[in-house]
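In what follows, chain A forms one complex with chain B and a second complex with chain C.
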Partner chain A sequence: MPQETIKKWKERYFKTKSSADMEFPYWYSREWFENDGEINIVRRAKALKRAFTRLTPSIFPNELIVMGKTRNMRGSYPMPWLSGSYFMAAHDQLYKDALDCGKLSADKLTKFGQGGGNVTKSGNNVISIAGKFGLRKEELPMLMEMVKIWKGKSVEDIGHKYEKLVPQYKQKEAIMKSLVCMFDSGYTIPQGREVMNYYYPLQYGIDGMIDFCQKKINEVAGRPDMDRLYFYKSAILSLEGVKTWILNYAEKAELLSDKEKDSERKRLYAETAERLKWLSSNPPRTFHEALQLCWTFHIAVLNEDCISGMSPGRLGQVLYPWWKKDMASGILNKEKTMELLECMRMKFTELDCFASMGVVGGVLSGNTFNNLSIGGLTKDGQSAANELEMFIIESGMTCATPQPTLTILYNEKLPEEFLLKGVQCVKTGAGYPAWVNDQTAMDFLMRNYGPEGMTTQDARAWAIGGCLETSPGAWMPLKLDGKTHWIPGGSAGATSVGVHFISTPKILELVLFNGMDKRTGLEVFKDHDYKLKTYEEVWLAFKDYFSQAVDVLCLCNNVQHDAWRKITPPIINSALKPDCLEKGKDIGQKGSRFNATFNIEVCGGINFVNSLASLKKNVFEEKNFTLEEMKDAMIQSFGHESKEKADFHSKGERVKNAEQRKWIKIHKLCLDAPKYGNDDFYVDSIFKEWEDWFCAMCGNFISLYDKPMYPCQISVSTHGSMGAATMAAPDGRLSWTTFADGSVSAYPGTDKNGPYALFNSATVWDHSASQNSQLNMKIHPSVVKGREGSKKLLEIIKAYLRKGAFHIQFNVVDSETLKDAQKHPEKYRELMVRVAGFTQYWVELGKPIQDEVIARTEYCEIA
Partner chain B sequence: MTKEYTCRDCENLITIDVLEGLCVIDKKVNSIDKKACDKFKFAKKCKFCLHYSSIEEFLGKCKNKTLIYPDLSAKDCKDFKLTT
Partner chain C sequence: MIQKGTIFDIQGFSVHDGPGCRTTIFLKGCPLNCKWCCNPEGIAPYPEILFYKSKCAINDCDGECIESCPNAAIIGGKKSANINTLKCGKCNGFACVSQCYYDAIKISGINLSAEELMKKIRRDRQYWGAQGGMTLSGGEPLSQIEFTAEILKKCHDAYIHTAIETCGYAPWKSYERILDYTDWIFFDIKHMDSAAHEKETGLPNDLILENAKKIAASGKCRLIFRMPLISGFNDSRDNIIATADFISNAGTKEVNILPFHNLGRSKYSLLGKEYHYKNAPSFKLKDVSEIKKIFQKRSIKCYPGSETPF
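Take a look at the complex of A and B:
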């Protein structure tokens, strides 16, 4: 159980709604438009400074770590300078324009959870935006004014104007409308999927950082490469904004202390005020101060852009020097440590990201992906696990919340006690920690960032950014009390921007129908001219269409990200990331140490592979039916009514229509075809061929930063939305239903030979060739009961990762509980499940994802 | 207290979300649309300022020049003058 104060905080959180407000956007926009003609990055810094300065501070009772993105507990706000299309009322011409170019296709096919903190309907003076965020009706007219003011000037609009100059642009529109691709990243979530670096504020404090920039200005003013001058000036302005923001909270804490009658609370408010005043200028002296400063900079970065997946990284190792010192001096004890860590969990859980419905609902499921990594290796290659990380795991059990999720960077050098603690946490059903392979990640990093000078030591500083994005790090020399501690932190910008989710089953569907999307009636690709008389021709046509899609999406997203870095350059995040301050360049100008950070993401790979196996066997080898018959069966969804009639979005009971008997035989043959996840060479060899080809082809495409791109294989929640746009498939999956989750998870119910067979199938390819792979397993709680159960669970984790696999995570839950939770959500406000790289409250998930989690294979034995 | 004011216009309120807030006087979580009590104290908002003029519902101008909205916090505004 959490501490009593945290318990009350959590109860309050459960009643709190996701709330948007206009304070930050108003002041940002006002300052921006008052500075027409200013150097762009300085203009942005002035806008940021004014917005931070004018944010209303709220401090809630029991908070030992204070400050939030906005005055609301689950606060966030729109950023019309990034994007405005999804705010538009349905009658607005701007909205229609956005629909016409396919920008809102994902929004239309997205379903939010109907419970928890989601504001799904307007009412009580509150407007529901995108079925998720509540905005006071009194602030709506200003939102619409802001959207109009930014029209034609936002990243979305400028990017759109120039992406149209890409010769194949029309094809991109069709790709987006048909949901071959999930979303553009340049104006939706341009930053994130990366790891924070807290080193500079921790080492130098805000005043020290400002002094550093001022000295640099003296060095570079009037010298060639003048952009450095503007960057340093911008960094100073932004840091001054953050400083005032902190002081405003200090003032609020003083005010609350003055008004407070209870002596204990009065003392806490006064201490908070003193702590904040100190941190507004100076580096931290204690663990408590260091944790507060990390949190402050974390949300400062989140406030400067629309960001998901800004991970704290290896926070337990960053803060360890202060913790060790305070424990030794008696300032801190175990109880106080736990209370602070539980406070931290609540603060991270309060975070919301205001992006479009398609992104927040269809991709993120309302999650913000603040992933805290533990374990891994030190700079000199020893186990990096420490006692503070044991407390971090413990707090994840006593205060089970979705954020921050935990990931163990598994290495053979980690102590057994530490690993068993992780297993103990998994068994609680929290869905975390996830387990990732330290060595496989480092192999990927060296392959990808070696050309930029990454060494083996550098590679050891890595952590997960976002849900599962392998992100490069750097070792920073923290000096504390005369000692140097090498602490890890992020050393790159967003590691998952570029081509965001190509649906492989959808591309296969388009291959079979010669480029025509039956759902929308659009021609997405030109006729491929293959007769599809052989399996090899299907493959060739697929490779052709897939490559065309990647090509145009890569080019258009490069344009969008160029608009982003020119209009809204990242300033605060850049001031934190090595080596931006040293170079005088922001992340968008390749100021980071590592810049090969664009990727190509795919979704639905297992359904695609299973479909190829079925086509190969049924159509081309055994000739059980013709390709035309297959296509007819797909159009008819093997004789099943649409998912709306069944209201079940994954594999499960469906309403059969009058024609169903006609398709029974073909459907059975499709379902009986070899399926991935059973250690079956027939289908696994197809899987290997796909992975080998995909991982290699990504390098043929060049990012905005002039680096080869790399593969990323996670589903997040896209398997729900993208499945909803894809007709029935040769693997027997019915129309418009959810794909398999992750990238190496089996399709629900098709892995029948036990976990070790699944592991063999999953590892037929080299996982270090990709930024990640993702395997989710659902295990019945009875299987891992007791000490023996813990050992069994750790054994299978080790067995999988020792095969070179990258990632595994678990839902330890009974499917019957989930079914009951779907029927009676009011009884399950606290229930959390692991989706794909993140844990989320059940009631805040959309039904398609709930259905998919229910349908997943439930392992009742793992031996 | 005058009936047109609600807790959301009170300086003693700490906003929790779009529906509720915490009163720092009685320590209770209330609907922010609840009728204000006798401890009501005006929050510094543009709509309570002498320089505010309405141009349409929920939109106004400061000194007939700058576009603002009535509920915007004027806490840090040096020109704020309470009218009510």
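Take a look at the complex of A and C:
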């Protein structure tokens, strides 16, 4: 795309605020309540159909790929059938009820970035809801009305009613309120962290899919397992809704074309109208059409549920057959390819996810995690990287935006040229591509999905779903012009639902204080009865508390997800995922090929491990001070002001209080204790013990789909919010400050022996035992300057992954730039940084995360 | 023989001191005393104190460092303590370092046995990639010749690529001991005029030039000259021409010119030393094109700064 056009588009985007509107919720709810008594899934499908049919189409200038989630450019909407409490005004009773059971604890400790497209304050005719979205004042009464009519009927409310029947439910409330756990998974973002599968629409078109369902209805009507009948009927209804939605856009394009004076634009609108009309029934004929159809289904799925991390997956390999064909026939060239890909980037960047403040701000930092994977292997084990993927990387450089972020599925078989192109992109400072280990991921997949029949070939179809969630795939036989191409796509529902972010430092704190949370005054766990006279007892008590937390959270979230699958079953996403259409079952009824998809996420692991090392050394081995003295020091934050008094979030900005002198000795010993990231066996062996235990124990807990759960170790942005609820710790970290990011990144400034020592520490355990691990590195641009710098950056990536590590990503940025950007955000609207699994505009990040990124150890060279 | 080396830094993912990704080990002690030196902590052969005066908060602690010093080198002050560097350094314990809560006192220089260092090198080797290796820098690595020779031989025997950075001032027999085990030598030429050389570095250049010729003649390793470009000291056209002629006559064909920067300035105050080049102008890479031409005219490949082909 001409740089001028992209520049204008970006400017338009930068000026656009995140906007919520009530069109979709209104029509969905209206149809829903008109169909009281209908079979539930059909009732939902009718509601979806009505809503899609009624969405007002908006087409913006210069769009070659059209359609959006709503009529607004950065548009999204609340889904009161899922959850309503969080966008209620603070004085409302519903809001107070939600506070009481701890559902909003993360919201209260979350800080949004004040800049960019975030609407954090109400003003004029716009109301700020859920901390980020602007809603026109005149639509507010309708929102309130919606929330009221859904009260007691939403997934949240029904789930809540039944999770209370879990015997330890009371403990769960305390766990949520004390922020031992970040958020409930069932009614917040129940789908996502998975990979799209575009195969059926691409192969059969919408009419073909409807025909297929119709034939299936003929086969199953009146026969046992009748739920299949309702599923097929629902799929047809939903697809009809999508069809009309596309046609409405076609009509709009036609209208624009009629009115347009400029002949070039007139032609573009007319072509758009023709393209959409064709796609409303048929499979795509060209690359351009195929890309448009993928985008349409992508947002169709996003509109059916509250979703973050719905990743396009290996889109460059999915679209390759059309691209190759169009390049050969001459209807496509390099310039046109770039134009379309840049346009695609802008469309993905415009996406917003409407969820609670704690989730959108505290977890996602406003990001939607549409992760595009490149590289990896083909079905028969060859390098899958292709020329179109080279253009995908290129477009990430010429049109640097946060979405879609890129991930290279690194395998030894990938060509050097392709890898160096990825390195070139990293060096622009965009924060992507991230690098993940293809082999380690496949080992994990085989371990986790082998019992469901996954083969080595199946494993090769994987991709990253969401920020860093290893997600299973499937090879689909795409027939185009008489040839069969095996294209990869997702083959499971959300691969990251379940127990969402347990704060390990917080549990250790509770172990030391016998289950009492000093911040809230709540008893979270019963007295553990350990005297804590030895290090081993601390470890045992920790295992006990941690297991208790996982147990109750697993049970309660299973209940919530059951409410979700019963009340708002996924229909459009199911129609896309193999093998739901074949089986006649939606994802919630285990229609997907793979269903062992629930996980247990943790946060703060490195601070926890460092704290154990300090306790072991200072309290139990060297007896430098007693456990009681340690606890006093923790309560006093080693003599530092609480965060409320001083606006600081990371260790760099200590504000001492009058008492501080008293705590110097203990604090010094805590800070000097061995720290992870230095190839120090003392602490690394503790790290390994923790990882080995945690990765194994997850399998003891059983998901809603009756499968063992697995570990997931990414921080996203939770290290900010969860740190804000955790007091000072034996590792010397001060109260209420941000934890280390990722899962194998060192705590900022504590890795003092360079990257190789850090790598050694990070790989003491088997990364394939976990869905992921996460290492973020900050490198000064001068280190990787020039041609040789590129080769050396590639060397360090290869070296780390060769050790079996799962993931590494880079911020190639000068810390001084970031500090200046914090002072003068207006000068840095386009600056992007890598947080933990995603790239985001600097100005849209909350201060706790900004501080943490600045504090990260910067690898630079002293001459 | 157990010979310990005194090392002031080990840098993993070092990218400008030889081919590929490397680990560079900085050894303490240098016979020269270049006034612009960017690693002034490498000059003294023994471990010494770095004092971060701005971090010191003598009023917010009990001043344990003062009592801990056996030489009474630390005295209290209004805002921060003061360290008398002349008195310090005579104890090997550096008790003051572990006393300081504010991380205001650090030691530069640890003693490692060859085996201890090899352990780290073997670890790092996993991460270098095909091109990498180990570089001994400093200070002057040959000022600890026993240790240096042992490390180079051990690395060589383990198929590790070896490089050294040398100021050139060491007895020839020291070079003779290492040439068989050293793949690359970065050899500093600071000035062709011996008197000028002595004025700014403390020593004449005759031994240095002699060694350079002998190494080149030995044909045993890849010899890359390095020339720091210091405004007003060695950047005159005459000196550059003389240097280029010398290199050409020595029969080698590579020079890496390192434009002066003052990034090492903070270390002088940490060491309690005076920095004469505080206000000296930093060289800009674009200023070196003329200089580059002089070398190229003599068929010498000239790499400015980090723009090296390795």
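Keep in mind that, in the parts below, the second predicted complex is superposed on the first by the 855 of 863 C-alpha atoms of A that agree within 3 Å, B and C clash if a C-alpha of one lies under 4 Å from a C-alpha of the other, contacts with A are read in each partner's own complex, and residues count from 1 in each chain.
To be clear about the criterion, a residue touches a chain if its C-beta (ideal position, glycine included) is under 8 Å from a C-beta of that chain, and two chains touch if they have at least 3 such contacts.
Values in this document were obtained by computation on a predicted structure and should not be read as measured data.
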* Contacts of A:698 with chain B and chain C, given as first, second, both or neither -> neither
* Asked: Between chain B (first) and chain C (second), which does A:656 come into contact with in this model arrangement: first, second, both, or neither?
  -> second
* Would you check which partner chain A:795 touches, where first means chain B only, second means chain C only, and both and neither mean what they say? => second
* What is the contact status of A:587 with respect to chain B (first) and chain C (second): first, second, both, or neither? -> neither
* Asked: What is the contact status of A:803 with respect to chain B (first) and chain C (second): first, second, both, or neither?
  -> second
* **Partner chain in contact with A:759 - chain B first, chain C second, else both or neither** => second
* To do: Using the superposition on A, tell me which residues of chain A are in contact with chain B and, in the other complex, with chain C.
  => none
* Structure fact -> In their shared complex, chain A is touched by residues of chain C numbered 9-16, 20-21, 23, 38-39, 60-62, 98, 101, 123-124, 126-132, 258, 261, 263-264, 306-310
* To do: Quick one: which bits of chain A touch chain C in the complex? Just the residue numbers, please.
  => 656, 660-661, 664-665, 667-668, 672, 679, 753-757, 759-760, 782-786, 788-789, 791-792, 795-796, 798-800, 802-803, 859, 861-863
* **List of chain A residues in touch with chain B within their complex** => 12, 15-23, 26, 30, 53-54, 56, 58-61, 71-75, 119, 124-126, 134-142, 145, 256, 259
* Structure fact -> Contacts from chain B onto chain A in the complex sit at residues 14-20, 22, 24-25, 27, 29, 33, 56-59, 66-73, 75-76
